[in-house]
Amino acid sequence: MGEWIGRGRKARRAYGFDEIALVPGTKTIDPEDTDCSWQLGDRKIELPIVAAAMDGVVSPSFAIAMSKLGGLAILNLEGVWTRYDDPSDILQEIANATPERATELVQKLYQPEVREDLIGRRIEEIKSAGGTAIVSSIPMKAERFGELSVEAGVDFFVVQGTVVSKYHQATNYKSVDLEAFCKKMPVPVIVGNCVTYETCLDLMSCNPDGILVGIGPGAACTTRGVLGLGVPQVTATVDCSAARDYYYKRTGRYIPIITDGGMSVGGEICKALASGSDAVVIGSAFAKAKEAPGGGFHWGMATPHRHLPRGTRIKVGTTGTLEQILLGPAHLDDGSQNLIGAIKTCMGNVGAPTLHDFQMTDIVIAPAIKTEGKVFQAAQNIGMAKKG
Amino acid sequence: MGEWIGRGRKARRAYGFDEIALVPGTKTIDPEDTDCSWQLGDRKIELPIVAAAMDGVVSPSFAIAMSKLGGLAILNLEGVWTRYDDPSDILQEIANATPERATELVQKLYQPEVREDLIGRRIEEIKSAGGTAIVSSIPMKAERFGELSVEAGVDFFVVQGTVVSKYHQATNYKSVDLEAFCKKMPVPVIVGNCVTYETCLDLMSCNPDGILVGIGPGAACTTRGVLGLGVPQVTATVDCSAARDYYYKRTGRYIPIITDGGMSVGGEICKALASGSDAVVIGSAFAKAKEAPGGGFHWGMATPHRHLPRGTRIKVGTTGTLEQILLGPAHLDDGSQNLIGAIKTCMGNVGAPTLHDFQMTDIVIAPAIKTEGKVFQAAQNIGMAKKG
Amino acid sequence: MGEWIGRGRKARRAYGFDEIALVPGTKTIDPEDTDCSWQLGDRKIELPIVAAAMDGVVSPSFAIAMSKLGGLAILNLEGVWTRYDDPSDILQEIANATPERATELVQKLYQPEVREDLIGRRIEEIKSAGGTAIVSSIPMKAERFGELSVEAGVDFFVVQGTVVSKYHQATNYKSVDLEAFCKKMPVPVIVGNCVTYETCLDLMSCNPDGILVGIGPGAACTTRGVLGLGVPQVTATVDCSAARDYYYKRTGRYIPIITDGGMSVGGEICKALASGSDAVVIGSAFAKAKEAPGGGFHWGMATPHRHLPRGTRIKVGTTGTLEQILLGPAHLDDGSQNLIGAIKTCMGNVGAPTLHDFQMTDIVIAPAIKTEGKVFQAAQNIGMAKKG
Amino acid sequence: MGEWIGRGRKARRAYGFDEIALVPGTKTIDPEDTDCSWQLGDRKIELPIVAAAMDGVVSPSFAIAMSKLGGLAILNLEGVWTRYDDPSDILQEIANATPERATELVQKLYQPEVREDLIGRRIEEIKSAGGTAIVSSIPMKAERFGELSVEAGVDFFVVQGTVVSKYHQATNYKSVDLEAFCKKMPVPVIVGNCVTYETCLDLMSCNPDGILVGIGPGAACTTRGVLGLGVPQVTATVDCSAARDYYYKRTGRYIPIITDGGMSVGGEICKALASGSDAVVIGSAFAKAKEAPGGGFHWGMATPHRHLPRGTRIKVGTTGTLEQILLGPAHLDDGSQNLIGAIKTCMGNVGAPTLHDFQMTDIVIAPAIKTEGKVFQAAQNIGMAKKG
């Protein structure tokens, strides 16, 4: 398996969302008759779309709104909400920065230390309004932040790094023992990110309640350019799904995998689920919501890195309410609104009554549609606009 | 067959028009000596190009003009002509809308219910002027609209949805029994759209007189982006042609397949026919005709969808008369005019005297020509224009 | 051989210039020590680059200049030089036309009939100045124009159509018998164009002195878009070279193949020769010469077609003298000048002392370099220019 | 091995940086625990990044600065520093030239002969300031310049041509005997460039201390366009690494290979090392340093060629100090700063403690991320900018 890329060395071809399409079924179903819920720990979650732990997307009030619509929104414990009492001015400043200055500014604004008291306060804000509290930490801080979060009544905890493995070697610090951590935590734990069968299986052996899949594919992420690292999301999702299914067969325990990054429209979300995912994590699509704290701007979690930033602040604009983006009705035809409607319509068209059926959808490798023509057209539009 | 896209999962490579080219023959024929007619039900149709059931393309008067030139133009029974007595103002309003507002406006203007009296009136307008009346309905309305259309003297009836299968399951409504419907209708019935061998065979077992092939490829269609769904047209056409040929061998009944969508120039139409199609349905190319009601604008049939629009209004401009576009002479060199001339010239060059011969043309997989250079050139032209 | 493009149907992958690169040799040679001459009929031709029979490129005086530098330039017998006594105004008018109007204007200006007296006059103009006279005609006119050309002292005669086969069937006119024609003509005859092994062998059995290879690839050609027809030039050249080599083995007669179209820079010319060609025909690269009659504009031979134009007038600008373009020194670094220097440098780098050695060069399939980056950069340059 | 590109002819698929991605490891390491040093002759070099022998990048003072940071910077012995006493005005003039005039100007400014006295002087400038002196010459001048350089106390000597082989044939001049040259030189010698297994082995048999790998891939290089020549860098690196490993197995002598050209960001450098390289040569990335003599401009070593220039002057801008580019901290998120940080982070993520481990990284063939979207976005940005 794989192609020769030179003497004595083969590489496997990996596929991304742009390169596949889903095949309509021989039977079809009314979208109203489909069910897209999934299971995280003991809880049934109505919607398979989770908002990413990014500061331009999730604030405590955004998390509350998302919970009420049936989804989850992860609050980043290393973001502005745990560094500042009131980050409104900070967020405004980031939105106002010129593209050239944005990265440096974000680096500076993230220099104040995380305040432990704010961790509890944010979780309580979410819980007291009836929301579901799900928060994320990097592995190095997981033990301490996990403890604080549980005390404050968190529902789910996420341990997330750009690249996470079960076996991390470090001379200068003690790395978290994921297996012990999952065992100790009284709430469901999600860990990630990973992209391969082997690492996914390793992580599953730590007994988490979910695995995040995806390295480097996001719209506000430059990992692939900066480090050369990453596996395109379709192949990563298919591989990790295979690990989940194998692990389930061997242990009887079904650990959902959650594709994270690289999806901004309905079609991409449908492709992730059809590739085997149980749910997806979305960033930029939600940054467009009126409820998003970024005010139409969005930046990666690795943007503040002091020595090697690997994210970028991008402008996404504000296009509608969270409800419109998630549940419709859509007034844009580009696939960025009514994401659940898109999932259910697609499930209907391929004849899948549940997400588990949807995961078996027939896929074709298909070139992006008429790229050439559209680029030309874009170029011509520019030309035309200039004349006008 | 297929490539590995991850552990334990294969996907077939599917091809679109941009990726193939037709190979000239060892014998060639004078284009004047070729015949591109085809058979629909009992009728011989001179031209293998059908105008799409889109409101920017087909009005009753357009249908009459098309009939007189030897082709067919499908009137959409759920469009503006059956919702408004006189839709001129409506069409004008759509043409005037800004790109940002267009989708929402189309959604609003399509909210009035279809008036049953207008169905008959439109068909009679076409018939009384000597035109061929061919109309389309979504599956859910097929029974009622079919009845009304037959009463009004329709020639052909089309049952069309984005994705149609023989087996549709719905709890909230009764879906049409396509087999019973085809049997009951006294005029030839075309059904679609489908893209796979299996579904095409299923639909043929309902005994229609034609099958529409194509999901998501059109210029004004965003199904692939919104839902992730679709099979590129070359592979869809080859597969459905195989179904047709197998069905013919088994039953002695030849049901033409009609490739619908994704073609805007002569070369693409030639490729569809050479891939095995008996005729093609064209939208945007005809929206450029002086006779087209859209006034140089064009929008997909799923654009008005209330919750999940999957089409877009695009500007195509008005470039010539319908006759020029269909039969020439062309005064543009981009393949958008004299479409029948292009088909016949290509048939001559590959040495195919009839469409059935043309369906056997040798194909190569070939990259789009000098895309890179052209994009650059486009970009440079912009630059140059700016300096001037 | 070939890939499945759908059920029961395979297509061969064909390659174009953008997709390959030449591999440096294990031995290298000083470019000064290489010889790039070739043989046409009994004549040794110093340079393997022939100027195309296009009105923006070749005038009688251009043909004279080209001959003196060691190359050949084909005069089009159906162009402006045989329709008008003095076409200077006509050429000026074409150069002045707006892009939108150019095709229609060219159609109109080519309506006057070809004057037989001008055929002889143009050939005599070339011969009397010491030039080599090589002229081209479409197959339908070959007999009459061939006769007139021989009378006027022509050196070589070209019978050229978009797609030419040995077996052409026409009811309304008598097509030329190429075998009889080649036998009758007292000067070497080149025929084309073709792109496949079979048709190339068929044409070789007519006993011509050269075969033109290439359908639809030129910069000013839209055949691929209008008709869907064509085989990319690398595969076409490899296939026709195989036909030539087989024919030579069987008959002892070596008929050179001449790749025609799709090359505008040195790298593309090198790739054509390394793919097996004996010489190349170039259009747009020479239209940039001060000596070219088009004044920096260029149009395809099918642009004037009355019903179905398949060429376009493009602006190429005037960048240097013919000598500079052909033999250098280059003052541009984009590969458009010193084409012979590029051939000889490349021959040196792959270690090929003669063109026959060059035809055996090792080739890799290689993606175009950093297309993505360059397109971005192009786009950014535009943006920057605008700000300035 | 290879694909059919036509009858009887196969070509191998070769891969470039844009087409691959590195796969995260099952074990990971703290970047602080990785070691990216390598060995050149007897010397341990701390950093595996070498600045290219290009006049816009390396001056004597730049070489000194680079040495102090732990890297190497090659001074071009045929550049402006050995043609002019003080080239400051020359460099300024090149920076000021318009893009259209740049190539011709560079050709003119490089016409004065190289002065032998300046060779020694430049080396002494570097040595007296405590820097490492590494200089380059074309093969034809290697004997004489090598002698002078050794006299002046050079540390390393580079013999470099666009395409270099062990067996060069020339009638008009005597070519250097690389084997004798390497034997005679008392300092380590690097030779190149080459791209194939065979030529790399041939060159290794001359017993140099390093081999440069890369023909035609650089940002300021147009060899691929002008000559059609080149092998994409991933395949070239894998092939030459295989030659190195085979040579080591056979002879016990490990000759490092150094990938040269085509890398401008951290991700590309990581991919080169992971493909098997021991170090890389970088041009344009360093031209952005405040210390670079080009003042934000950069041009290829073949740009000054009198008859066939094959490089271009490009604007790269000045974005930071050399230290920032090499060691960080980065204030840009595009991968152009903290290149060593990127290497060490990537080594950590794939679990490679040393460069020899990094050379075994698992690679996937992966399409460039969302090219389509980004091109669109670029085009839209232009459009938006225009409105503003």
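As written, the chains take the letters A, B, C and D, and residue 1 is the first residue of each chain.
In this text, a residue touches a chain if its C-beta (ideal position, glycine included) is under 8 Å from a C-beta of that chain, and two chains touch if they have at least 3 such contacts.
All figures in this text were calculated on a predicted structure; none of them were measured in a lab.
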{"item": "Superposition rotation for chain A onto chain D, Cα-based, multiple of 5°", "value": "90"}
{"item": "Homomeric contact chain C-chain D: same or different residue positions, threshold half", "value": "different"}
{"item": "Centre-of-Cα separation between chain C and chain B, whole angstrom", "value": "38"}
{"item": "Interchain centroid distance [CA atoms averaged], chain A/chain C, Å", "value": "53"}
{"item": "Residues of chain A whose C-beta touches two or more other chains", "value": "12-15, 235, 375, 379, 382, 386"}
{"item": "Interfacial residue positions of chain D with respect to chain A in the complex", "value": "1, 12-15, 17, 20-30, 32-33, 197, 234-239, 241-243, 265-271, 274-276, 328-335, 338, 341-342, 345-346, 349-351, 363-367, 369-370, 372, 375-376, 379-380, 382-383, 386"}
{"item": "Residue numbers on chain C that touch chain B, as the complex places them", "value": "3-9, 11-16, 18-19, 103-104, 107, 162-173, 194-196, 198-199, 202, 215-217, 219, 222, 224-232, 235, 262, 303, 306-312, 368, 371, 374-375, 378-379, 381-382, 385-386"}
